[in-house]
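Input: a single structure, listed below in structure tokens.
Which chain is which? They are A, B and C, in the order written, and residues in each are numbered from 1.
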Amino acid sequence: MSDFAIGLASNIGMLAFVALSAYLLLISGSISFGQQAYFGLGAYGAGIATALWDWPLMVALGFGALVGGLGGGLVGLLTRKLHGLYFAIATLAFAEMTRIALDLWHYQRMVGGERVGPDGPNGFNGIRRAFEDGWDPAAFMILIWTLLAVTLLALLLFERSRAGVTLRATGEDPVLTRLLGTDVARLRVRTAAVAGAIAGLGGGLYAHLNTYIEPRLFDIMLGVHALAYGLIGGLGTALGPLIGVLIDIGILESTSLFQGWRMIAFGGLVAVLLIWRPRGLLDEPTVRRLRALFARPARHA
Amino acid sequence: MMADVLQTLLNGLAAGAAYALLGVGFTLMFGVMRRLNLSYGATLMFGGYLGALLMAKAGDALPGGLLTVFGAVVTVAGATLAGLYVERLCFAPLRDRSGVAAMVSSFAVWMQIEALASLLLPQHTNPYPAPLDLAPLHLGALTLRAEHLLTFAVAALLAIFLHRLLSASRFGLALRTLSDSAAAAQAVGIDARRTTLLAFLLASALGGVGAWLVLVADQQVTPMFGMWSTAKGLIAMMLGGLGSIPGAVIGGLLLGLVEATGQALFGPQVRELIAYGLLFVVLVVRPGGIFGRATIDLDAAARERL
Amino acid sequence: MLELRDVTVRHGPATAVHHLSLSIATGELAALVGPNGAGKSSLARAIAGTHRPVEGTIRFAGTDITRLDAAAIAARGLTHLPEGRPLALTLSVRDNLLSGAHVLGSLRRALRRLKDVLPSFPVLMDRLDQSAATLSGGERQWLVVARALMAQPLLLLIDEPTLGLGPRAARETLAVIAGLRIDGTTILLIEQNAALALDVADRVLVMGNGRIVAEGTPRSLLDDPGLARTYLGVASRPPHASREDRR
């Protein structure tokens, strides 16, 4: 596999984490413009763990997921009474606060004779643990996709579980939400925490692949892209956001158009697609139909 | 010392007046559609870019004052045209359907517009000339720059105009009725589609003026302007209470004051942090905003299925 | 004035109205009664233009309005008072009334019309500057009726005006509606409370399961005991008793 393809596949994998993060909240009926914050917190957390505290890579990745999860859970808790647009804007505000805070934060130490650590707007350089441990790009790509596959599997199983069906039901019927009361509120906070953890895991991977991160990366562009992936690919299944990422990156890299025109064309395509399919390509009715299609042969066998 | 404080407040109010216009634009759109137009800032940026581009071309042909007026007209017209494009593509077709799709669609158009703007003017910083041949006014220790005066005058005029439009015209009444209850509007024969489109155009034009005031003060336009103005308008709207026009005005002024104070005390970056922090705190503690209720009606909010 | 031919209305897979035909003459007060779920409101929505019928034609004052949208139909003089009394609750009573004259085309005309309509509604005259949210249920119904009159309608399509009102308020509301005929306004009244509707109507159409099952004057319908009990929920009266006797 060429270097270019490996890089592409890695990017797709990491973006899929943020997309899944936003997707999980979307199916529970909440729009979050702020999942990029937990991606960023995970990136910084994992990066600090390896570069400054000398933790093993896997532990650091777990730590990144934890930080993301705590962030997501905290925001979920604070905003648990907010619905619809109020919730969406609150997540946006929090994400921007996080980004600006990272822009102002300096935490550096001398490690092996040089200064490492987050340096405000200058970013965080030197997150080299992955390569020091001997991970070459191909192996790291496999790591990304393995973790992604595990996450996807967990989500797919969750969607078929009782909790998953409840979550989706409350997303589709907010009045039902009100009737069910506190149980649902707790479910939503937990969902927010898990979504944050997923994003945080992706962030940690991103930090170690690129060895350099800066606050500017975790802006609202990333957040709304994350939402868009789910909406394009389809909200009927956890595979939807992945397809959304594939379509975006696929179009972006396959056309030889100049960057600016690419964006104009892509933006227009998204707008038109959403008129035709407001819940994405693999929306709930389509997924149901596909499931029925695959279920029939088994019954006849 | 006192003079410094007053100067800071004055600067804050001037910035706040522009924010108020942005917030009012956001509110008008939200009122008739119950959705956020994420590309609002981008449409204003488009107007600004168009203005900068055409002013650069016309620069030598027009005298100073006329150039300023020309820039204003182009900017507002550009913003309105871009607003028309957004309404037709993102919101009108999804009117009775998914609100999330409409908002993400408007985000996609935001990206489109930003890309287009960068193609028109590839540089990061583009001059936005606005020669105002007015000396600053000195009131004791306070300095009122020409831009300040302009901002206050224009904002006040627009406020009066808007008030008259909303309270004493058939269109204004239709808009207020539709914003309150789509069912009531339908019952009295108001054409919701047409009213929404006109409200959109009005909001874009108002935002265009607000953007113009900011650009005149900054004397430049950058690609960040889209995100920036979206954020300011959004915060102004939410501070005052979602859907309330007087709220958006107060919210905008308050935001300006808070920012000016924050900047004076802590510097420009913390200023941004405070703005978002204020928004977050208001949403968590008093989501209805300053003019709203302390706890928003859960049923109504819950039924706002996006 | 209003003529429906073969109208069918569907809600997704369910059919609410089956090939229904009826006609309302100018100046009459026709009542459409029937139990819950008979399709009355679906029919009203089809006439008003908020939910298009899949089959059939609707003609109003000589024009085919089947495919027109609600605003266009309202502009032609067909005013719909929908179920639920939708009002702009944050707006004042005055503004709500003025909005009713939207179809007149200018605020000036609306203000003039307001002067003509208000005298019939003294309760509203006292509350012009209050927000509509402060009105009681019965007052809100009056506001809705007055608002409808602001449009100088040719036909009033009134859907369930007594819903949620106590018996006295319900009777008063229907008395107001009956009084509107003096101006020659045609009225199609949809009412679940058949007894009250029979008191004011010139003609009654009984709807069941999406179809018209009976039609006639109130007296002729009450003369049929089976019909009276099943659809109208009223005790039939002996054929020789007159309407006045019931009061």
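Definition applied: contacts are C-beta pairs under 8 Å (C-beta built on N, C-alpha and C of every residue); 3 or more make two chains touch, one makes a residue touch a chain.
It should be emphasised that the depicted structure is a prediction, and the values quoted were computed from it without experimental measurement.
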Point to revise | Centre-most chain, if every chain is reduced to its averaged C-alpha atoms | key: B
Check your understanding: Measuring between mean CA coordinates, which chain is farthest from chain A?
Key -> C
Check your understanding: CA centre of chain A versus CA centre of chain C: separation in Å?
Key -> 53
Study note, to complete from the structure: Taking each chain's centre as the mean of its CA atoms, chain B sits from chain C at a distance in Å of 43
Exercise for review: Let me have the rounded angstrom distance from the C-alpha centre of chain A over to the C-alpha centre of chain B, please.
Suggested key: 31
Study note, to complete from the structure: In their shared complex, chain A is touched by residues of chain B numbered 36, 38, 89-90, 93-94, 97-98, 100-105, 107-112, 114-116, 118-119, 227, 231, 234-235, 238, 242, 269-270, 272-273, 276-277, 279-280, 283-284, 287, 295-296, 298-299, 301-306
Study note, to complete from the structure: Given the complex, residues on chain C that touch chain B span 50, 69-71, 73-75, 79-82, 84, 86-91, 95-96, 98-100, 102-103, 105-107, 110, 144, 147, 151
Point to revise | Complex contact set, residues of chain B against chain C | key: 168-170, 173-174, 176-177, 180-181, 183-192, 194
Review point. Which of the residues in chain A end up touching chain B in this complex?
Key: 26, 29, 31, 78-79, 81-86, 88-90, 92-94, 96-97, 100-101, 103-104, 174-175, 177-178, 219-221, 224, 227-228, 231, 259-264, 266-268, 270-272, 274-275, 278-279
